[in-house]
Amino acid sequence: MGRYVIRRLLQFIPTVLGTMFLLHYMTSLAIQFSGNPVRALFGDRTPPPALLEAVTERLGYADPCLDQRGNPCFGLFFDRVADVFLRFDFGINLRQREVTELVADAIPFTLKLLVIAMVFEAVVGIAAGVWAGLRGGSFADNLVKISTVFVISVPIFVLGVVVREFVGVKFGNVLRDQAWIPEVISNGMFSPGFKPDYPFASLIIPGMVLGAVSLATTARLTRTSIMENIRADYVRTARAKGLANKRVIGVHTLRNSLIPVITFLGVDIGAAMAGAVVTETIFNVPGIGRLVTLSARTGESSVVIGVVTMLVLVVLVANLLVDILYAVLDPRIRYE
Amino acid sequence: MSDLTSAGTAIGGAPVGAEGPVPDAPATGGKERSASLWADARRQLVRDPVFMLAFVYVLVVGSMAAFPTLWTSQDPRNCSTDRSRLAPSGDHPFGFNILGCDYYSHAIYGARPSIVIAIMATGAIVVVGGALGLLAGYYGGWVDTIISRLMDIFFSLPFLLGAIVFLTVIKRQNILTIALVLFLLSWPTIARIIRGSVISSKDLDYVHAAKAVGASNGRIMWRHILPNAIAPMLVYATIVLGAFVAAEATLTFLGVGLQPPEESWGIMISDHQVYFLEDPWLLLFPCGLLVGTVLSFILMGDALRDALDPKFR
Amino acid sequence: MSTDVNVKLDALPGLDPNAMPLQVKDLHVEFRTRNGIAHAVNGVSFDLRPGETRAILGESGCGKSVTAQAIMGILDSPPGFITGGEILYRGVDLLKLPEAQRRKVRANRIAMIFQDALSALNPVFTVGFQLGELFRKHRGMSRKDGKARAVELLDLVKIPAAKQRVNDYPHQFSGGMRQRVMIAMALALDPEVLIADEPTTALDVTVQAQIMSLLAELQRERNMSLVLITHDMGVVADVADRISVMYAGRVIEEAPVDDIYASPAHPYTKGLLESIPRLDLKGQELSAIKGLPPALTNIPKGCAFNPRCRYAQDVCRQDPAPPLYQVSPVRTAACHFWKEVKGDV
């Protein structure tokens, strides 16, 4: 086990550096080919050269290598790695606020959203998958199979917009007309967007939207996995041992079937973070995702890169933990 | 579609395995088997109503993208603000958009960018991802190590975040750059599929036999190993076409994809989302077209997988 | 061994301690598949006396494993359905028992060993957990006591360093050791009947012999009845008392082991015997049965073996299938021409 963890850690380091270099090189290339990104910040106005230079310097775009097309700018890259790992510095925005600070302000909302989404997709997804998987070919099975294809086919932003308008606005308006319904439900939960007065209730529906696509995937994965395992020889052995059906399913089948599902859920934390970009934009949640979109729209690439670098590190650590969790769950991996 | 890779792999809905103690049919040679596999698959697909329906839908959308004039004679740029948001009528089945342009012709012309981007990006990942996966799987060793690490690096970038970063810094958001970004962030999945498939078929007896009679590496890869990898690649490519259509619309919606006055379903949804309560059709038409396209590709991929995998028969 | 559960089981309705440990009467099993109905078992009957070893012999797909699963009550259903017959344990028809009681028969009274121990043992639990589970669930023991019993069992099946190995996972054992774990699991609750489904097929020849002798030894010690399912005539000759030969879901010959080897009365049995390589016949061409066994969805009319049979005549190609002829007081064969087959040797 220890050796496995060490090997995974050793593989982890080049991946982290490689991913950071990829981000760095893409942005360098973009600057080398399309010119100083700072200029774009001023829109149609021509900034005074002194101001332009000052901002460029501050954002770290002054390095001459950014004028040479194709130059990988290793010097800048090493500075950046040192900034990130030694000084925990992910850059600054135009108003000279640290990206880390911006993220610190935004992260509580995103975390809440993620927790709601993950709980929703894990609980409902696994339950639906088990329900369908144990009754292969039945009505329940077909219902889950068909409805999940539909959910997977709806891009999350379409789902988000439709839910916001239908549930948040239309249905919410109906609720808000009824005096007997508590405020927290009519104004909080069923609001068309995030409300600071109801920091948790108003995130429930956005969280469910965020979790919806992965919920469908989770349900399908659980279903297939259960169907494969329910016919496995060791499940037959468990029956031959005279164990109760509850134990045959609940211990001998589920334990094995959930290994790929739990792995998926772990990896999905990263995907959910990316999905939060869309959900937060639609529901106006002041989290990290909206920070990324707003910065992208105003062309503040330094913020986008800083935040994404941070998120990628989180995703990579999450993946590493999932790998280790996988080894804990499946002894066959451990002793490879 | 926030997560392309999971969408591709988890769609496998295995039908109930009816495994009676029926003895297997006598095994025939590799070549004949693969020929009959494709013929069987085609027969099964033609009989599958879900596949045919999805196929027809994709054909319709494809023809909208290729020959929009076949579907409409209106000019989507002929706009007049006094017709803003007029409801659907006989001559204008989708009504008018916020700028007073004919919404139906908008929807027809809006198919093209999505489809073109999806086809370009899919073609690129099949060629590049396929080639890299083939090399990594066939040669193993340091070639495999380098390509696999490279795949890890691209994998660790969440799809949507990576696309936003690249498109933000590129600043030229057009069909070509969007396709390029989709390709860059998605090739590892197909490379991984091919690599796995190559590794599993590398040790088959007939590959050893081909090696023993002195066939060159190139010939073995082309004639003996690649055909085995084509089925999973085809399934994935079909599903990913749908995923790319969705991804394009999502990026456009977020403001880092195509920009007006370009026509695209993503722009149509993004521009009219706030009018949902008064004029829901402004939102529902483009959403319906988009979801139908994505759904059709996914259903086709699903049916293809079932038809090409003898396990599911 | 603990008797608390046995007491409860003695309350089975109609239990007769003097009846045979196992009797199968005219068992029918079919699989309803998309390609039609596969008739896996078509009227199998046999009985088993205390301490006796009954071999069920046949090629793969002849219905022998399905018969075993039907006896254990672990048939996958759907697609498998028992459509007729009786399975009697000491006079009690198991097919009529409610599931809760049926469950207690498993492992306590009738236990089973599977062919491939690697896939038959759960990969994510230690063998100690999987053995101890039997004592915890059937005997109400604590985790600690269950584990202690698991160590005893591993000792019993001669696994070295049982105390340490009890914490290992199945994939950490060698093939032979894994099969010993399987045997330990089957014997844990001291059953009266043991069904061994191809217990040595997946093993090396030398290991096969060790496992078979271990099984025989344990059977003698405990006066257990054994149903040995195999396709290996060599294994049968060493350990079986009586043989049922199956073909296409039917028992086509049933006899004491020596009689079958001396003079088979069914052409199929004869073909099987002739296909064994023999040292004394070195140099002669090995004869094999021509053709393939029939698909169970499409069993030939009349005698299912007729397309491959050198004795076949028109009567063999017509329904009904040949009945079981009494060849001697202790043996039967389902062949119209059993006399010719037998005298032909």
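Residue numbering begins at 1 within each chain, and the chains themselves are lettered A, B and C in the order written.
Quick note on the criterion: a contact is a pair of C-beta atoms (placed from the backbone, for glycine too) under 8 Å apart; a residue touches a chain by one contact, two chains touch by 3 or more.
For reference, the UniProt names are A, B = ABC transporter permease; C = ABC transporter ATP-binding protein.
On a predicted model such as this, the values are computed, not experimentally measured, just so you know.
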item: Chains linked by the largest number of contacting C-beta pairs; value: A-B
item: Chain whose Cα centroid lies at the greatest distance from that of chain A (ABC transporter permease); value: C
item: Centroid distance [mean C-alpha coordinates] between chain C and chain B (ABC transporter permease), Å; value: 51
item: Distance from the mean Cα position of chain B (ABC transporter permease) to that of chain A (ABC transporter permease), given in whole angstrom; value: 22
item: Interface hub residues of chain A (ABC transporter permease), defined as touching at least two other chains; value: 231
item: Where chain C touches two or more other chains, by residue; value: 76
item: Per-residue overlap in chain B (ABC transporter permease), given as positions that touch at least 2 other chains; value: 16, 19
item: Sites on chain C touched by chain A (ABC transporter permease) in the complex; value: 69, 72-74, 76, 99, 103-108, 111-112, 114, 116, 119-125, 133-134, 137-138, 169, 171-172, 185
item: Sites on chain A (ABC transporter permease) touched by chain B (ABC transporter permease) in the complex; value: 11, 14-16, 18-19, 22-23, 26-27, 30-31, 34, 37, 40, 136-137, 145, 149-150, 152-158, 161-162, 165-166, 169-170, 213-214, 217, 220-221, 223-224, 227-228, 231, 264, 267-268, 270-275, 277-278, 281, 292-293, 295-297, 299, 301, 304-305, 308, 311-312, 315-316, 319
item: Complex contacts: residues of chain B (ABC transporter permease) adjacent to chain A (ABC transporter permease); value: 1-3, 6-7, 10-17, 19, 149-150, 152-154, 156-162, 164-172, 242, 246-247, 249-250, 253-256, 269, 273, 276-277, 280, 283, 287, 290-291, 294-295, 298-299, 302
item: Complex interface listing, chain A (ABC transporter permease) residues touching chain C; value: 231-234, 236-245, 247, 252, 255-256, 259, 329-332, 335
